[in-house]
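Input: structures, listed below.
Shared between the two complexes below is subunit A, which has subunit B as its partner in the first and subunit C in the second.
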Partner chain A sequence: MPKCIIDGREVEFTPGQNLVEVAKKVGIQIPFFCYHPGLTVVAQCRMCAVEIEKMPKLQTACSTPAADGMVVKTRSEKVIQAQKATMEFLLINHPLDCPVCDKAGECDLQDFSFKYGDAYSRYTEEKRTYLDLDMGPVIKKNMNRCIHCTRCIRFGTEVAGIHEMVAVRRGNSTEITTVDGRPLETDYAGNYADLCPTGSLTLKDFRFKKRVWFLKRTSTICEGCARGCNMTIHQDNNVIYRCTPRENMEVNKYWLCDEGRFNFRYVNEESRVTVPMARGEVDWDAALAAARNALSGKKVAVLVGSDLTQEEAQLLLQFVPRHLGEAPLYHFGTPGIRSPQDDMPADRILKRKSKTANLHGLEKLGLKGFEALPSGTQAVLLVRGGRARLPELKGVVTVGVGVFRADEAQGFAAVLPGASFAEKDGTIVNFEGREQHLRRAINPPGQSKLLSEILMVWANSKGGTHV
Partner chain B sequence: MAEIQTEQNETLFIQHFREESRPLGYYLREMAGYTALKKAFGMSSDEIIGEMKKSNLRGRGGAGFPTGMKWGFIPKQSAKPKYLVCNADESEPGTFKDRDIMRYTPHVLIEGMVIGGFAIGAHSGYIYIRGEYVREAKLLNDAIDEAYAKGYLGKNILGSGFDFDLTVHRGAGAYICGEETALLNSLEGKRGEPRVKPPFPAISGAFAGPTIVNNVETLAAVPFIINKGGDWFAKLGRLEKSGGTRLIGVSGHVKKPGLYELPSGGITLRQLIYDHCGGVLGDKKLKAVIPGGSSAPVLTADEIDVVYDIDPMMKIGSMLGSAAVMVVSEEMCVVRLLIRITKFYAHESCGQCTPCREGTRWMEDVLERIEHGSGREQDLNLLLDIADNINGKTLCALGDAAAGPVMSFVKKFRADFEAHIRSGKCPNA
Partner chain C sequence: MLVKPKKNFLQRFYLVEVIKGLGITMRNLLFAPSVTIQYPEERRKYSERFRGMHYIKATNGVENCTACMLCPTVCPAECIHIEAGERPDKEKYPVKFEIDVLRCCFCGMCEEACPKDAIKLSTIYEMSQTTRQVYEKDFLLEQRGNK
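Coming up: the complex of A and B.
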């Protein structure tokens, strides 16, 4: 492997890697704004300037591939001066309103200003200001905080496949905006907020709900479709505030779609059933009794949401024959998507047609997709993680286990409230057969329980088995 | 400078800069029109590029890069089509040489481009002309039509089997589109912003194909080089490594402003101003010379004994640039002059990169303050600092173009700036 020397340390690199990435390998941080590993390199912000031996001018590390024997200095006097200068330039027109900016605490501009800038500015002229722009429901724009890094523009054209963010006018008056000031159209808009290195683009859904330093993070997987994008849940005090993408080059790179990003909302929703029900709120014993009662002596079918984990499905595969006799099991999740063959790409970016995360896993366990109830079926046990679309069931008694909204559970004989994807650990299998792990970020709300607990009390409680 | 001769200089262009010269008939009759092209078709690509190298022709667009060497960078084989682009954006303040070539001798440019296309293996050429050159764009198109009609453009040119199409593309009024990669973006219909280099256009240029971008005057020299040989052209110049003649545009406070054609490195600035241009207007004292378009660092009256060519100018910390000389007499306020220049570059900055977008406007604001009586003592060092923080640190050379004048004016005429700050106005006003 070729080697270069960065700040006196020998570093091996793969040909083609740029100096930002190569330096990162040995823990040397080269600050950058416009560079983003998932976007083309434009070398516009000039923050990543480094000194390279035998080159008279500073070079931008983001646009310079490492070369064998190259000697690079990231902390020379010239570099430090250039970093200070760039920070000063970036801040002369910045409002410096960090106390009321939602990005504070996770803002590259703020962090690099602290680390590489001067505490004091020589700018005494009037600051440039822009009018704000409504960019639709997802993103809030505050152009005064923009540093013109153009990441958003490149994300739109290169990743989302839509040229909706643009630069208009030029020079000092350049404004980063949407085409004709129209609202954003992409259904990947949340990424704009993630990749904006300042508080210029923020999530409407999240802003001012929580200062980011109060948030606790849990690495998990999105349950929004069969891709299984890697993401992080941010919660405080058992309330989820947002989800952000987690880099995984093989699954989702750096991105999430909006549907997946905002999917968590149902977890905190008021209308979610979090107490046992049997035509009204009851205690667990009464609900279990009602559930057993409803199924007892009837021809039963079990519908398993493909939003359940492998572990949950395996428990059901053991539980059903023992407690519900011959009842057949089917999986359900997305209307029209019954088998892995149906699960095609839903767009050219990430989304899959299966709107549940574990279709492919359940198929591996031998479950087949639900089409219609076997004739003569009198009762259905419906087990769901929270996201699977309920099939239309007529003329049968229904018992629900898992996550339901009150309106969905209206006619159910009993509801045993369960845990959503954010409240449990478990394995899911994505469309490529990749096993990934959900991690519990918060506790199940109210009296909800994990499926394993529900099935255990069912099995052990008075009344014993069904048969 | 005893050897420098200014008599019996051979000129290529200027004697033809008359309305009568424009038609194809004149070009064929008086300028051996399209004979170089015939000759070139009998040469190999390497032979043509070899002559270009021998000629010591250096780019007339501003950077002075050796043209033959540049052509040599074009890969012989390429999966993508190659392009030859003529930079006719001519927007550097003070510059008006390419205009006359296009206006009076358009065929010499066309012929140069066909030869260039043949040498590098390009079948499409573009002339990117500044939007304000409405008349020149039309004249060029007329000449191109003539050339197509006579088989100097199009398919199987002069029976050679070589095809070459030429299109005039008008700019929309941005100085930055004279920078070659911004030009290419604009040509492709994108926002006129410079691209990161590398890759250089020779590897990935117009529509990502290998591309040569040359100035009008550069390409117009090609037929002469092919006809009379690289060695002959090299000898027109008076310095090593700088062949041919130069079109020099002189403006400002001189008695005879206008376009001059002189051997490369054939005169000093002093000779240009006093011998050729008749001296300073009204016989005033010379205050300053902006020697290579408004981006060239300014020279004081004591610095004009320099030989006016690429290398000597660089050596004294300025540049030949587009060979546009602006002469400034003692009556001109240098503070106002610098504001005007700085405003221009701030206005023309594309806004892509931080130091230029933020710094050019900041310098403009500080200068405006000084001009309007609220300058502060520390402003001059601040200006020098801002300029230093831009210089050499931007994505394209427009940053340097904005920084160079500020640094040179403030350093060389510091007393004038201080007087403004002290008295709160222009002391001469």
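Coming up: the complex of A and C.
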């Protein structure tokens, strides 16, 4: 492999890699704003300037591919001077509103200004200001904070496939805006907020909810569709505040769709059933008794939501023959998607048609898709994680285990509140057969229990008066 | 092993030592300057930088605070609770600003961290209450100092 020397350290690289990536290999940080590994290189922020021997001027590291024998200096006198000048230039029109800005704490501009910039501003003239138009329900724009890195423009054209962000006018009066000031149309708008190195584009949903340094992060998988995008849950004090994409070049690269990003809302929702129910709120014993009563002596079918993990499904496969006799098991999740063959790409980027994460895993375990209840079925045990769409069930006694909204659970003989995807560990299998792990970010709310606990209590307790 | 100090006869003779001791007591009683004052009629003068009851500084009737959360971040006692919100005349303001004063250790770090010159510790030190008080925003907005 060819080698180059960065700050006196020899680094091996694969041909074609740019200097930012090569330096990252040995832990040397080159600051940048406009560069993003998932987007084309434009080299217009000038922050990544480095000194290369035998080159007369400073070069931008993001647009310079490493070459064999290249000698690069990232912290030389000249480079530090250039970084300071660039920072000062970028901060000329940047308002000093970090106390208000949601990006503060994870802001590239803030971090690099602290690390590479000057503590004082020489600028005394009036800063330019803009009037911001509404950008739809996902993104809140604040053009005053923008440094014209154009990452958002490039994301739109290159990843989201829609040219909706543009730069109008030139020079000092450049404005990044949507075409004709229309609201954003893409389903991937949340990524604009992640991409933006400043607080110009921030999430409306997360606005002023929490300062980012209070958030604890848990690496997990999105349960929004059969792709299983890698994401991070940001939580504080058992409340999820947001989800952000996590880099995985083989699944979702750097992106996450809005559906998956905001899917967590049901976890903290008011109407979620978190107390055992049996025609009203009861304790666990009474609810279990009601559940057993409702199913005993009847012809039962078990519907397994394809938002459950492999472990949970396996537990059910062992539990049902022992405690519910010959009851058949089916999986359900998305109307019209019964088998892996139905699960097609829903767009050209990430989304899949199956709106539950583990359809392919349950098929692997031998479960069949739900079409209609076998004739003569009197009772149904409904197990789901919270995302699977409930099928229409009429004329049967229903017992629900898992996450339900109060209105969904209306008419159920019993509800045993379970854990959502953010509250349990487990394995899910995406459409390529890739096994990925859900991680527990928060505790189940109220009296909810994990499915394993519920089944254990069910199996081991007499649980009431019915037998 | 305990070593008993050797004492001479006078020291062992109880009465002499007692009279000596009483002498010290009487001297302090009659001639030493008193360290107490007649509170509340008399009051001590404290430094301008004394750290007492909190308040949020307001400029032209608008609170300086923008709910940046730096004070709850730096607070070692975790006694400050803020909820941020938006209103037409101010992009970000504290909807809720509570100080659990029983937890507060009056270190003044909040004052130091505040970028907006909003949270202040006044020189008021008479803060006893008959209930377990949490200072609400309205209470904190009373301007009770000139810092």
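The rule is short, and it goes like this: the second predicted complex is superposed on the first by the 462 of 467 C-alpha atoms of A that agree within 3 Å, B and C clash if a C-alpha of one lies under 4 Å from a C-alpha of the other, contacts with A are read in each partner's own complex, and residues count from 1 in each chain.
By our rule, contacts are C-beta pairs under 8 Å (C-beta built on N, C-alpha and C of every residue); 3 or more make two chains touch, one makes a residue touch a chain.
Since we're looking at a predicted model, the values are computed, not measured.
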Subunit B versus subunit C as contact partner of A:354, first or second or both or neither: neither
Touching partner for A:100 - first (subunit B), second (subunit C), both, neither: second
First, second, both or neither for A:170, with subunit B first and subunit C second: first
Which of subunit B and subunit C A:202 touches, first, second, both or neither: neither
Partner, of subunit C and subunit B, that touches more residues belonging to subunit A: B
First (subunit B), second (subunit C), both or neither touched by A:83: neither
Touched partner set for A:57, first subunit B, second subunit C, both or neither: first
Contacts of A:47 with subunit B and subunit C, given as first, second, both or neither: first
Touched partner set for A:213, first subunit B, second subunit C, both or neither: second
Which of subunit B and subunit C A:235 touches, first, second, both or neither: neither
Those residues of subunit A which subunit B touches in one complex and subunit C touches in the other: none
Subunit A contact footprint on subunit C (complex, rising order): 66-70, 73, 84-86, 91-92, 115-116
In the complex with subunit B, residue positions of subunit A that touch it: 41-47, 49, 57-58, 60, 63, 82, 85-86, 88-90, 92-93, 122-123, 125-126, 147-148, 150, 167, 169-174
Subunit B to subunit A touching residues, read off their complex: 174, 176, 191, 196, 346-355, 357-362, 365-366, 369, 382, 385, 389, 392-395
Contact footprint of subunit C on subunit A as seen in their complex: 97-100, 104, 207-209, 211, 213-214
